[in-house]
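In what follows, structures are represented as structure tokens.
Shared chain: subunit A. Partners: subunit B in the first complex, subunit C in the second.
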Partner chain A sequence: MNVFFAELIKLKRSLSWAVVILLPIILVASGSIMTFIDGRGLEDGWNTLWMRSMVFYGLFPLAVGIAILASLIWRAEHRGSNWNALMAGPTSSLRIVLAKAAVIAVLAVIMQGIALATVLVLGKVVFGLPGWLPPQYLAVSVVVVIACIPVAVLQSWLSMQMRSFAAPIAVAFLGAGFSAFLLVVGLDAAIFVSPYAAVSRATQLGTATFADTGDITLAVLAMIAVASLLLSAVLAAANTLVLERSDART
Partner chain B sequence: MSLIVATEKLTKKYGDRAVVQDLDLRIPEGCVYGFLGPNGSGKSTTMKMLLSLIRPTSGEAHVLGRPMDRATRRELLGQIGSLIESPPGYAHLTGAENMRIVQRLLDLDDQHIDFAVRTVRMQDQMNKRVREFSLGMKQRLGIAMALARQPKLLILDEPTNGLDPAGIEEIRELLRRLADGGVTVMVSSHLLGEIDKTATVLGILSQGRMIFQGSRDELFSAATPDLLIDCSDPHRAQGALARAHGCQLENSTLRLTGIEDDRAVAGVVAALVGESIGVHGVRRDEQTLESVFMGLTAGGGL
Partner chain C sequence: MNARVLTNEFAKMRHLHVWLLVAVLFVVVAGIGLYTAVINPDFDRVTASSWNTLLGGIGSGFSLAAPLLLAAIASRHVDAEHQGGGWLLSATSGLTPGGLCRAKLLALGLLVTGVTVSASVLFAATGFAFGIDAPWPAGRWIGLTLCVLVVNLVVLALHIVLAARIENQLVGIGIGLLGTILALFSTAVPAWIAHLTPWGYYALSSASGYVDGVLVAFSPAYASIAGLGLVAAVVFALFTRSFDHQEI
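Now for the complex of A and B:
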């Protein structure tokens, strides 16, 4: 836990907070704002609002957002000799990998919270919808958060390895695009291979878009959660092995 | 005397190019070990291998009595403070926040942190952000971060790089205090003058090979200083000695190099007396460590 707390100190005055707050607000809003502009109504109320905002957000902005967070978190390590100093300490490679992924995942959780809040504000204030967001979308949000974890682990690894700010973000963009294609053609099993597919699939739950049937069943929630946790464990283990065997590059 | 660092034929190659070759490092416990060599001679690479930041191509390193490798490094690194290449520090955080990260990572109490900060005399600067620090302040913060764990061994790579003379003197004084407190310090530099007066043991590296390792006195005796002779007729004396020895005339003093033992000195004097030249002064040249160092590194094919 100490390594994780050390990571939290590094978030002070970090640019990542701007990403965490602005990215979900802007992109969730832009997904549904077209509805407002071209005068189409929300035929099915909250369900339609959720579909237009969250499915768009989950297609690539969410993965790219996590990639930007990972690049920002790792940028501080790649400057000067910070990475050497961390690797020349007693903290094990596994704990470093887990702490980095955890701090990125925590930011992703906060981002999902803000995305959810944005949907609520849009529904009540902008569209004046009656009632509240159906509770099943809260369960969906929990699964989205779980599906963010393997993306956080993978992006943390890419940012650690590539030492570049933009390259891992480009990987996330391409990965998310390719994964969306796999889901369009109905290859639901992609969620067991691609973290980007897992997170996109989670945001589509209950919307009958892409590979989704429109029904939120316990089985499909569990499948996405299990796939996410499996991917996270495999990626974290692989990252740790690679880190343990690699040499300092500077 | 027990050794805190010992390497056996430590070698690092990148492709065919050997950056460090067959290094047998011997660092006695409690000393200040001055690790000298020109830029690019392999000092940083060696230090990184001692910390297992990079793995040797062949050979091995023993640190604190145990082999240093990927299986043991995390355990050993808790007792080794280091500063490699440039000083670490997160620029967007204050000095105090940087120290708090070290405190969390190493699970230290407040006294350890206070002690380290006071040792480098940074207690009044800790609320500034690191990006506002001068290079000297960054170096001192980096040393504080290395010191906080109360290491048995401190490995500092060019800690005086870019510092002004006052800053260099301050680091020297700090290293002396640390050594007096029982910490073994390994410090590298490409400038002999910077660690000349601090180091008790010296290792000199040239093109990845150790060309000298030992005490200051041993270094002086490794390279024999020139013989200087004052006599009644220097010009004739030069002619008489030129054939047998390399002999130069400086003002009215003869300078002979490579005259090693007392018998050779006596032979030179006898030869001059045999030519009826009056010898009224025979002495060894004053030698600075700098000139010895230059001689050794030049001999190593710099």
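Now for the complex of A and C:
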């Protein structure tokens, strides 16, 4: 746990908060701005608002946002002699991997909370929709959060491996784009291979877009959750093995 | 700037795997653009509207992929100087920071030009491979390619300046992501709003589009894009000159 708290301390003066707050607000809102520009109404109230806000956000901006956070979290370790300090410390590779991924995942959870709040504010204040967001979307939000975990683990690994800030973000963009393509062609099983597909699929739940049928069933929710947890475990194990074989850099 | 400086920039790219990012740009543009063009119901393989969907595909491919990936390419190539103390090293060997930025723009610009032209050729080749009966709209095709190229180079120059000026690469990447959104929205907003940011000019480059649900041919906004290119060239020159007068 100490390693995790150490990571939280590093976040204190980090710019990651700007990403965590601004990214979901701007992107979720931008999905609905098109509604204003086109002059289309929200035919199906909250359902249409959720669809326009979340599906675009989940296609690639969410994965790119997590990638940016991962790059920020690892950036400190690649600077000065911090990498060697990390290698020389008593912390085991597994604990480093888990702490880094956990802190990125926590930020992703906060991002989803802000995204949800943005949808609520848009619905109530901007569009004046009656009632509240249907409760099934809260369950969807929980699944989105779970699906963010494998993306966090993978991006943490990429940012650990690549000293560049931008390269892992480009990988996330490409991965998310390719996964979106797999979902377009109806290849739902992609969620068991690509974390980006899992998170995109989760944001599409109940919207009848891409590979989604429009029904939120327990089976689909469980499938995405299981795929996400499996991917997280496999990626974390692989990342630990790689870090275990890494050494100090001169 | 001499040939050796330019060669040196290409040498740096090898270890930074910049070519990989450039290849990603090409693949994403081709993937998104060709897919959206070919699945479009207006792509009937016979009439001129098939060429128009392909022209639209080039536009949507670049406006979706280029803002973020150009930011990543510029950031990757410039960040190396921050990390390795390259600004001081170059300055002591006679190449000022501004000169280094100009060399980077030239080197990366050559690659981006290659990607833009290759993508355009690929889209045209796809049209010919499908055997579209209508004649190939050469003028608009070359016009769109040149316009997209200018916008790409302007966005690249902006990101080189940003990456050089602000060491934290989050800023450049964040602006790149915002640029993606602006590029996407610019297709739906009035033209004067699209003129306000460099990314809006992707929409102004379009050589085809939908008016009341019907696919029609446009002429790209040549004057606006030439204006953007001119303003960007002057601003880039001023910024890189100012780099030369600052202490490293």
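What we mean here is this: the second predicted complex is superposed on the first by the 249 of 250 C-alpha atoms of A that agree within 3 Å, B and C clash if a C-alpha of one lies under 4 Å from a C-alpha of the other, contacts with A are read in each partner's own complex, and residues count from 1 in each chain.
The rule we apply is simple: a residue touches a chain if its C-beta (ideal position, glycine included) is under 8 Å from a C-beta of that chain, and two chains touch if they have at least 3 such contacts.
Fair warning: this is a prediction, and the values are worked out from it, not measured in the lab.
Looking at the shared chain after the overlay, A:218 reaches neither subunit B nor subunit C. In the superposed model, A:26 makes contact with subunit C only, not with subunit B.
By the touch criterion stated above, A:125 is placed in contact with neither subunit B nor subunit C. Applying the stated contact rule after C-alpha superposition, one finds that A:248 touches subunit B and leaves subunit C untouched.
In the superposition on chain A, contact is made by A:167 with subunit C only, not with subunit B. After overlaying the two complexes on the shared chain, residue contacts for A:68 are found with subunit C alone; subunit B is out of touch.
Comparing the two complexes, residues 79 of subunit A contact subunit B in one case and subunit C in the other.
Listing the residues of subunit C that touch subunit A in their complex gives 16-17, 21, 24, 27-28, 31-32, 35, 65, 68-69, 71-73, 75-76, 79, 83, 168-170, 172-174, 177-178, 181, 185, 188-189. By the touch criterion stated above, subunit B contacts subunit A in their complex at residues 48, 51, 53-55, 70, 74-75, 77-78, 80, 82-93, 97, 100-101, 104-107, 142, 145. Interface residues of subunit A facing subunit B in the complex, by the touch rule stated above, are 2-3, 5-6, 9-10, 12-14, 76, 79-82, 84-92, 244-245, 247-248, 250. Those residues of subunit A lying in contact with subunit C across their complex are 15, 18-19, 22-23, 26-27, 30, 33-34, 37-38, 61, 64-65, 68, 71-72, 79, 163-167, 169-170, 173-174, 177-178, 181.
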